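Structures follow.
Both complexes shown next keep chain A, but they swap its partner, so chain B is in the first and chain C is in the second.
Right, the complex of A and B next:
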């Protein structure tokens, strides 16, 4: 029983991590209707920035995390201005080819600069080990992930639903022409949203180094997980991808624990079943347009 | 006079060859070329770098001339993709006319090149890949690394004799992982041990958490682990995070997990891990101390078992060339390599004349702190271990 609870806890932590990594993609894909397969590259950038700051420059881990966010968001903003915005109006195939190319370039660049071996971020001692909570083993690091990601999700939902920026973004997505007619600077809203999504991915990358491992192949390895989160969750709100991430995280951990031989199949089976049942995702309406 | 006649012979040979094959360009120079195919990028790059470093070090120490011939190494990167390996091997053989192909970071790469070695009749020196079957795929393959059977059977025997009765296994689900698992199981259960849990982990596995939880709940005396070298660090961290060390579950396995390359970054969780392997940077011989010092000086880090395999591989090539007097006839070279014995930084080793595979000591080592760094300290030796993967057949 206690190990079932530990598994549930691990699954939730894993799911939360997936959510932070993938929610930026949910925004670009679902709200902006842009297929950005290079999303993982921004996550990787954040992870490496944090690793360099913490391991080599000796910064504390909790200062490295926000810097990972800032760095990835900055890279995202620059690339959005220089490259991405030219492709908003192009077909999805063009967007896929473009972003896949970007993935390969990022893999090669990081391999060249940082080397191909897996790197770790030095953690403060307070985050290592497990706490025994009424017999249930709770990893400190995973607990921290749940706290950070939980807070982030709440804040995101508030911004999207309650603020002026949130309503502008929703308006820009629903009908860009009408929105700009109403005086909303649509390209600016998109650019900001894109950069923010990249920043979240960067934060996720830094957080995931400990659990998923960080190496130059990160964007390729986890691309499929991000896509599953977005397709299963649907992309019309933040709630969909959030619940989908939790579902996937728990199912993946439970699958690997209870049926280790079938481990990797569980989440894909789940994805196929859900998509057959609800082609637009669990909480989907079709993306705008 | 003496020198002159010695010079004349090669020149005459060149002229004769040029005359015979008038249509193809003659081998203008007398250099012996070695095509070194290694993963220099990608997930296996640390293997490639170690071997490349070791080969460079050996050639610095021993000069680049053997038996009157200049040795030239052509390094190619296959990124551990067998298709690339095959293409590169073909280019090296056909265009560069190499006398040897060497390297091979992973088993599929070594296998992909095997038919080419057979066809071209040139020696293929396997310096890394560790599956038993490799040397059976071409009569020109000679191995200087190891086979997984060597270390896995030994750790199985050792475990039974040292009070470990119940073992849970966690191995990566690919050929070397399965080799390690099967050979361990065979010797461990034959000695009366019991496998209480068996988990195969997908090769591209992001998170060990659920598998480790399963290990913990099985409450074994020890867990037998084989994961590819690069994943060892991640594994040990999560092992400690989950408190398996405190639950009294020891880690045993073939030494790949505790590669010297990564060991020091694993942290104190690795302390006390017992593995069986062919090489430790802490091997207490004068030759090894010199080797480690030279390697550290040249490349700034410790050599691992891959570096030693590369070092011995190039040594084997040098010695074979000495025996044939510099002739690059494949059959003569392989013949010269068979049964060759020498002292390596890892200890005494030889090439089995029947299987062309390596015969070496396997050491049981425990991770300890020496001068503030983690090392695999050897405490028991099994001498002249052959590859049991083949001898059983």
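Right, the complex of A and C next:
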């Protein structure tokens, strides 16, 4: 019983992490309809920035995390202005080819600079070990992930639903022409959103080094997970991808624990079935326009 | 002349063999004789060309974007390997066809999943199927050999006449023969009314349905056929290299394949063939510059191609040949220009 609860807890932490990693993609893919397979590359960049800062420069872990966000967001902003914005109107095939190219480049570049082995980020002692909570073992690091990601989710939802920027973004996505007619600077809104999503991915990458493992093949290995979150969750709000990530996280941890031999089989099957049953995602309105 | 006769005359003229095509195949054959030390890489190019041809059928003609075409390649490769290993069908040509049929059956079954939904769903479903098969192959490692792959495949002589040699001479001519035959078949198919209807579907599915083309049935048919081609390519891979391992299903294989087709241009059959040659050459060059990191340059090529724009790039590539042809023959270029896909 307690092991089931521990598993549930780990699954929730894993799912939260996936959400932070993938919610930027929910905006680019789900809302802006841009197939960005290179989203994991930004996450990897954040993870490596954090690792270098903490391990080699000796920064404290909690200072490394925001820097991972800033670094990824900066890379995202530069790439968006230089490359991505030319491709918003192009066919999905072009977008796929372009982002796959970026993935290949990032994999080889990180392999060249940092080596191909998995890296770890030195954690402060306060985050190691478990807390015993009424007999249920709760990992401190995972607890921290849940707290951070939960706060982020709430803030994101507030920004999207309540702020002026949120309503601008929703307007720009719903109808870019009408939005720019109303005086909204649509390219600027998109650029900012893209960079912010990349930053979140970077933060997620830094947090995930401990749980998912961080090596140069990260963007390829987890590409399908990010895509699942977005396509299964749909894109009408932040809630869809959030629930989808939790579902995916819990199912993956439970699957690995109870039927280890079936491996990722369960998840892929589930994804295909869900996509066939509801092509616009479980909670979706229009995932593919 | 009625409009119908006009259309059919146009279609028939489009299907006629041109001297440049004959020249292309003569050059291929000449290369096979001219570079005896390069049999292995040429056989590799022939296999890749066949695989690219199979993607061209669905991407270039029917407009289905697939990120998991390696699924059929892998199924073909493993079926051929298992048949040879367990002595089920030992004669390579029969095994080749059988492996193609297995992949074809899978293609038929999965085509129902693929025709549902738009581009994005298709991408996800095709990718998911390939990953699923990879996971399955890993799971049932007692059958597939897991990460080590199938070990100890020994091939019987082709048609009981030509034994595979270590220099890959027989393997090369075998691959080329298969490629040529299947190319002829594909050429016949894409110029048939069936092939023309596929182009109509690609340009506008709604309009195609309105003029009475059964869109879904046509897409299922071409997807199934393409799976057959990919299965044959996979089986050729196993037969000529005596190897089948988990990486036949890998995402990189599907992604590389897209690059091959994009380099050559989709939608005129020769794109995959030319792309395969260029791709392997690029790979050779890149791996001599930076052995371990050639993927970086491949990625760069992809990014540059997309940013420059595929139609524009093909205009540049065909500029010199077209100029020469114009000077000599005094008419417009005969080299087909790939259709831009919407």
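Keep this in mind: the second predicted complex is superposed on the first by the 285 of 289 C-alpha atoms of A that agree within 3 Å, B and C clash if a C-alpha of one lies under 4 Å from a C-alpha of the other, contacts with A are read in each partner's own complex, and residues count from 1 in each chain.
Following the convention adopted for this analysis, a contact is a pair of C-beta atoms (placed from the backbone, for glycine too) under 8 Å apart; a residue touches a chain by one contact, two chains touch by 3 or more.
These figures come from a predicted structure and were not determined experimentally.
Engineer: Is the arrangement of chain B and chain C around the shared chain A a clash or a fit after superposition?
Structural biologist: Pair status: fit.
Engineer: Touching A:111 in the superposition: chain B (first), chain C (second), both, neither?
Structural biologist: both
Engineer: Just chain B (first), just chain C (second), both, or neither: which does A:227 touch?
Structural biologist: In the superposition, A:227 touches chain C alone.
Engineer: Answer with first, second, both or neither: which of chain B and chain C does A:35 touch in the superposed model?
Structural biologist: second
Engineer: With both complexes overlaid on chain A, does A:103 touch chain B (first), chain C (second), both or neither?
Structural biologist: second
Engineer: Among the partners chain B and chain C, which is in contact with a greater number of residues of chain A?
Structural biologist: The partner with more contacted residues on chain A is C.
Engineer: Per the contact definition in the header, classify A:261: touching chain B only (first), chain C only (second), both, or neither.
Structural biologist: Both partners, chain B and chain C.
Engineer: For A:87 in the superposed arrangement: first (chain B), second (chain C), both or neither?
Structural biologist: After superposition on chain A, A:87 lies in contact with chain C alone.
Engineer: With the two complexes superposed on chain A, say which partner A:178 touches: chain B (first), chain C (second), both, or neither.
Structural biologist: Neither partner.
Engineer: Would you check which partner chain A:271 touches, where first means chain B only, second means chain C only, and both and neither mean what they say?
Structural biologist: Once the two structures are laid over each other on A, A:271 reaches chain C alone.
Engineer: For A:6 in the superposed arrangement: first (chain B), second (chain C), both or neither?
Structural biologist: A:6: touches chain B, not chain C.
Engineer: In Å, how small is the closest CA gap from chain B to chain C once the two complexes are overlaid?
Structural biologist: Closest C-alpha pair between chain B and chain C: 5 Å.
Engineer: Chain A residues touched by both chain B and chain C?
Structural biologist: Shared contact residues on chain A (touching chain B in one complex, chain C in the other): 111, 261, 263-264.
Engineer: Which bits of chain C are touching chain A when the two form their complex?
Structural biologist: 59, 65, 67, 113, 116-121, 123-125, 127-129, 131-132, 135-136, 138-139, 251-252, 255, 258-259, 262, 290, 292-296, 298-303, 305-307, 310, 341-342
Engineer: Which positions of chain B touch chain A when the two form their complex?
Structural biologist: 41-43, 45-46, 199-202, 204, 206-207, 209-211, 213-214, 216-217, 230-231, 233-234, 237-238, 240-243, 262, 265
Engineer: Flag every residue of chain A that touches chain B in the complex, lowest number first.
Structural biologist: Chain A residues touching chain B: 3, 6-7, 10, 14, 111, 115-118, 120, 128-130, 137, 139, 141, 210-213, 215, 217, 221-222, 252-257, 260-261, 263-264.
Engineer: Residue numbers of chain A touching chain C in their complex, please.
Structural biologist: Counting only chain A, the residues touching chain C are 29, 35, 83, 86-87, 90-94, 96-98, 100-109, 111-112, 220, 223-224, 227-228, 231, 261-265, 268-269, 271-272, 275-276, 279, 287-289.
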